[in-house]
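Same chain, two partners: chain A is paired with chain B first, then with chain C.
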Partner chain A sequence: MKTVTLTLTNPPRLMLEGQNITPDNFAGKKAAEIAALDVWEGKQKSPLGKYFTVAGDGGATAEETKIVLRGDCTRVKRIGQQMTAGEIVIEGNADMYIGGWMKGGKIHVKGNVDSFCGIGMEGGELIVDGNAGHHLGASPRGEWRGMQGGVIRVAGSVGNDTATFINGGTIVIGGDADIHISTHGEGGTVIVKGNAKGRVGGQMVKGDIYVYGTIENPLPGFQRVGEVEQEVDGETATFTHYIGDLGERHPVSKGKTVYANLYTRI
Partner chain B sequence: MPKKIENVGCPYCGVCCDDLVVTVSDDGKQILEVENACAIGNQIFHHATGSERVKLPRLRQPDGTYKDISYDEAVDYAAKVLYNAKKPLIYGFGSTNCEGMAAAAKVAEKAGAVLDNCASICHGSSFLAIFDNGYPSCTLGETKNRADVIVYWGANPAHAHPRHMSRYSIFPRGFFTGKGHKSRKIIVIDPRHTDTAQVADIYLQVKQGHDYELFDAFRAVVRGHEIPDEVAGIKREKILEVADILKKARFGTIFYGMGLCHSDGRNHNVDIAISLTRDLNDFTKWTIMAMRGHYNITGPGAVWSWQYGFPYCLDLTKKDIAHMNPGETSSVDLAMRDEVDAFFNVGTDAGAHFPIEAVKHLRKHPWITVDPNICMASEISDLHIPVGIVGVEVPGIVYRMDNVPIQYRKVIDPPEGVISDEELFERIHKRLCEIEAEEAAKTEIKAAPEGVRAEE
Partner chain C sequence: MSEFIIKNGFVFDPLQGIKGDRMDVAVKDGKIVEPGTLKSPKTIDAAGMTVMAGGVDIHSHVVGPKVNVGRLFRPEDKLFKSPHKSPTCSRMEMGFSVPSTFKTGYDYARMGYVFVNEAAMPPLHSPHVHEEIRDTPIIDNAAMPVFGNNWFTLEYLKNNEIENNAAYTAWLLRATRGFGIKVVNPGGSEAWGWGLNCVNIHDPVPYFDITPAEIVKGLIETNEFLGLPHSVHLHANNLGNPGNYVDTLESLKLAEGYTAKNDFGREQVMHMTHLQFHSYGGDSWGNFESRAKDVMDYVNAHDNLTIDMGQVTLDETTTMTADGPFEHHLCSLNHLKWANVDVELETAAGVVPYIYSPKVKVCTIQWAVGLELALFSKDLMRTFITTDHPNAGPFTRYPRVITWLMSRAARDATMKTFKWLDKTIDATSIDGIDRELSLYEIAQMTRAGPAKALGVSNTYGGLAPGMDADIAVYALNPENMPSDPVEIEKAFGRCAWLVKDGVVTVRDGEVVAEPAKRTIWVDVKVPENAQVQRDIYEHFLKHYSVKLDNYSLFEEHLHNPRVIEVNTTE
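Up next is the complex of A and B:
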């Protein structure tokens, strides 16, 4: 695997849109060619090299390309957007849409990320060591097919609207979650290891949510059905099992109504 | 002999009353009397001729004062600001006509700007819910003629839409609602006991910020499930009673306002309200409608959706791709994140409505206000361009809150020399094209400014 190191030496005045920073776009390119790729600051299109110094060449394919971002990328959006393979390591913070619509590969952010990260994700792995903003792993606006697959792991806390319209895949949150988890969900799994503020599983049709801590404002549409022991993220524990959202439509499969499951740890 | 003009549209709220009678003086310069309008609508007409108006654009001087300049100079200044900015923001359009909005969109596209309207801080969350969940709505006429159950949820029309209740919802006698008020059940759901709540048959004092839970409870009950003893501060018996009324209605309309759009969850509150409306249609006919604020704030949604496919928060910086994602491309977020470098405030008052931090960020860059009146935004601007008042001095198309277009007309002429929003934006567009051509002509190699396709 070949490594391309991008160091942000000339930070943008506004926000930088770096949708070209993906292993797919860097594959098969020399450092100079990578530095000539387009990035946007508002309506101004510039070469990547205007903001970053580029060291190293891309691998032959996306799988063989690793990108390391150094410097403060707090104002760089869309890194790793739509990537299908390879690896990206962001040494510090990053802005919005990190790993948005990603299909494969791995992104590791060592700091915090802003909103809309991992939206419309179909596969791959997004790991955030810090906190994430709102709409983590949610669907893009107006899209009723949300996250389809892949794994998102956030060590810290997340904002609201996590996993809206989730259809598949797994989101693991180490800290707390703000309101709205898996709203309109039709599948997938969300694990909150801290506390959830409320509206957990609102309008949810199918799928699973695990909350290890407390839910400040539980929804009236979820009904307790019993206790279960389950293995979740490598550890076994006992959970109170709720089904819901009883206010929402639910499909019938093999004569049985399918509900969404909410588990809170005992 | 003073002239009486009948069936005049009112340029105040989203109800768009079109039954006003305006008496104009003999010389056509003074508005003498306005009949049928509410106190606020009345004031808008009288303000046009009864107060000192700004008649020329005013440019901020180095000593902080304003100096009058010509429209040509103002157009040139505005075009240069837009041309030089990397990401200008054009925001407002609460109080102008659709013709002005279309012309402003042309400017935004040419300048590679972000185009946003007041829905961004108002009913924008309704758009997001409508994208996600549809909009089982109707016209106000249907509500007037058919509805026997009216729900006002998080809305206070007694103050914000003064004639809404008398024209369309509670009091009028319609085709199938001949008994008017007597045959209608009014339910008001609001954390505050508002003046609207005082005319309600049933008032539910929902716990602030917990509307979503209450909607969820209603939905569970409508589907025949059990709910806890109390939800969002409302007792189960009360929820069951109201759910029964909703199910037994002949025709119902839920009118909702900022109580849903601007409490926690925002679009999700509207989203679940739409879901409840859909559920209720299994039993009877139910509709839902946003209580849109200004008389033509529905307009930009209609005009820009037709032009670009999105109603608000349009990022046109890539010129041939329109991108929309509130949270990123919404005005307040752009300002708070310091993501724009020029600001155009059109027919609204961002100075008064935006959070102070957002105003501070925006004020670091050129700020241009287009408004007939003096407002907070005009007083902190670099350039204030006065225009004619739509509905009083300028005619045009406006969209009522139920998406019904209405042709507004003018009752008097604008002050001498004052132009309309549409003319102003057309002139800015022309000037932008000229500047672009001048810049392109400077070098032979670069056919167009960087980041701009040559043919645009």
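Up next is the complex of A and C:
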């Protein structure tokens, strides 16, 4: 695997639209060619090299390309958007849409990210050591086909509207989650190891949510059905099991109505 | 280039009966002229290419509030599907099933179309319709206000007051700068205000106690009383349901005994739109089947009818219609998002996204039904290509629809992608049809026929001297048609040349100029009618949320009008 190191030496005044920073776009390119790729600051198109110094060439394919971003990327958006393979390491913070519509590969952010990260995700792995903003792993605006697959891990806390319209895949949140988790969900799993604020699983049709801490304002559409012992993310624990959202339509499979499951740890 | 000549093309002009003759078409000052009259024209070489009049679309939802609701509530229809600005166009383009106004104008022009009739204008929102018409470049637009659920219309027709209804119709056409009488689910959209529907044409409207059959007959009589350029344009009751071909035949029979009375060369008294959605047999989705043959047998035998296809294109699209109860029904089938609107005394509307998938049996049967309608037709001057844009698919798929009609191989290639091919073949006749339409027949279905049915064939849809110089040139050689049907689709998708009003607008598939576009509307002069004046005044006083003074379109909303005048006082 070949490594391309981008160092932000000339930070943008506005946000930088960095959707070209993916292993797919870097593969097969020399450092100079990578520096010539387009990025947008507002509506101004410029070469990547105007903001970043580029060291190292891309691998032959996306799979064999690793990108390391150094410097303060707090205002760089869309890194790894639509990537299908390879690896990205962001040494500090990053802005919105990191790993959006990602299909494969791995992104590791060592700082915090802003909103809309991992939206429309279909596969791959997005790891955030810090906190994430709103709409983590949610569906893009208007879209009813949300996260399809892959894994998102956030060590810290997240904002609101996590996993809206989730259809598949897993989101693990180490800290707390703000309101709205898995709204309209039709599959997939969300694990909140801290507390959840409320509106957990609203209009959810299918899928699973685990909350280890407390839910400040639980929804009346979820009904307690018992207690279960389950292995979640490598550890076994006992949970109170709820089904819901009873206000929503539910499909019938093999003669049984399918509900969404909400588990809170005892 | 105010004088030029398009030389040596194969010309197809059904209005003049020209069937692919090698001819020159001459243009001077925006009009078509006799080739001999030009002194030193520039030349466009169309040797080995097909020359037709600019295309005319009789039924498409391109402007107005429900289209804009579709744009607003489907941001995902733009995501990663919007081309960046073309270097030759002045505006950005976006959207697939509900394109922006700019993309709408450019894409129609790229396909060689010059006239598009907006299929449903809610009268109260006509300013919005006209503002979007202004913002849609290049193509000329007309818009039909909806009458089939309008309180005035229901009251007049209930009392059989055709003359009063005609006076009201004339007033509303002027107030909205409208083109003709559109009827959507007659009575049903009004019943939707009670949470009900009119399930067949004899099911009375709540409160008004008039049946859809009476509404349609009354509107046909009104239309012929006034002598409007276009006929009643009907979206029949019970759209989209198994077994609805019975209701469709009953609706078509309402036109029996009426003949067209007008000075515009129109021969039909009823245009039945998106017939594909109305030609279904069976009594459930399980035994859903095509009844296109039954419906077309009737249409073929009755000269006072025209139809358009409403062809399903097997895309992810956005349905939108003034048929409010239907959209609610559709939403309960596919569980996707739903928008619903009530327009006070006039109409309703709904919007729901829909995916016509080749993996779903009902969708592939619908696909076959649309094509069967055209392929069973004995008169393609009365059978028009539409996709009921965007309801059965976006208008940008017309080239594909043309290709399916012109090539059995293209139909077979599409059918190979069907998950339920055998069941689709069992439920339809499509596999037994070898008919392939000619370029002349395509010209009938896409320009000459619609222009005649709209009553504008003195201006649009043909290439006779004196008509607007709207000319499309396609890179297709009728003497050497491509063996690969994909090439036909390409040629119709991006015309080699489009001349609009004598201006070269598209060249090699790219928009190179944006000539002034027009709004076409119908101004009807009727005798003073004090009762109707008073009824309008009172309804506005008692029931409308706007004042009468603020209702009619203000002049500044109307963009570059072309008025068609009708005088009933003489």
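In this section, the second predicted complex is superposed on the first by the 266 of 266 C-alpha atoms of A that agree within 3 Å, B and C clash if a C-alpha of one lies under 4 Å from a C-alpha of the other, contacts with A are read in each partner's own complex, and residues count from 1 in each chain.
We adopt the following convention: a residue touches a chain if its C-beta (ideal position, glycine included) is under 8 Å from a C-beta of that chain, and two chains touch if they have at least 3 such contacts.
Given the structure is predicted, the values throughout are model-derived calculations rather than measurements.
Once chain A from each complex is brought into register, does chain C clash with chain B or fit beside it?
Aligned on chain A, chain C clashes with chain B.
After lining up the shared chain so the two structures overlap, which partner does A:M96 touch, if you call chain B first and chain C second: first, second, both or neither?
First partner only.
Considering only the touch criterion stated at the top, classify A:T183 as touching first (chain B), second (chain C), both, or neither.
A:T183 sits against chain B, while chain C stays out of touch.
Based on the superposed arrangement, let me know which partner A:P47 touches: chain B (first), chain C (second), both, or neither?
Once the two structures are laid over each other on A, A:P47 reaches no partner at all.
Which partner does A:H134 contact after superposing on A: first (chain B), second (chain C), both, neither?
Touch partner of A:H134: chain B, not chain C.
Report for A:Q203: first if it touches chain B alone, second if chain C alone, otherwise both or neither.
Only chain B; A:Q203 stays clear of chain C.
Of the two partners chain B and chain C, which one touches more residues belonging to chain A?
In the superposed model, B touches more residues of chain A.
Check the residue A:G111 against both partner chains and state whether it touches chain B (first), chain C (second), both, or neither.
neither
Just chain B (first), just chain C (second), both, or neither: which does A:R13 touch?
A:R13 sits against chain B, while chain C stays out of touch.
Could you name the one stretch of chain C listed in 3-11, 399-407 or 543-551 that collides with chain B in the superposition?
543-551
Quick check on my understanding: which residues of chain A belong to both its chain B contact set and its chain C contact set?
Of chain A, residues 140-142, 144 contact chain B in one complex and chain C in the other.
In the complex of these two chains, what residues of chain B are touching chain A?
85-87, 111-112, 128, 131-132, 210, 212-213, 215-220, 222-223, 225-228, 231, 264-265, 268, 271-272, 275-276, 279, 317-319, 324-328, 337-341, 450-452
Please give the residue numbers of chain A that touch chain B in the complex, ascending.
Answer in residue numbers: 13-15, 40-46, 96, 115-116, 134-135, 140-142, 144, 160-161, 165, 179-180, 183-184, 198-199, 202-203, 217, 219-221, 223, 245-248.
Taking the touch rule as given, give the residues of chain A at its contact with chain C in the complex, in rising order.
Answer in residue numbers: 101, 140-144, 249.
Which part of chain C faces chain A closely enough to touch in the complex?
For this pair, the touching residues of chain C are 73-77, 79-80, 335-337.
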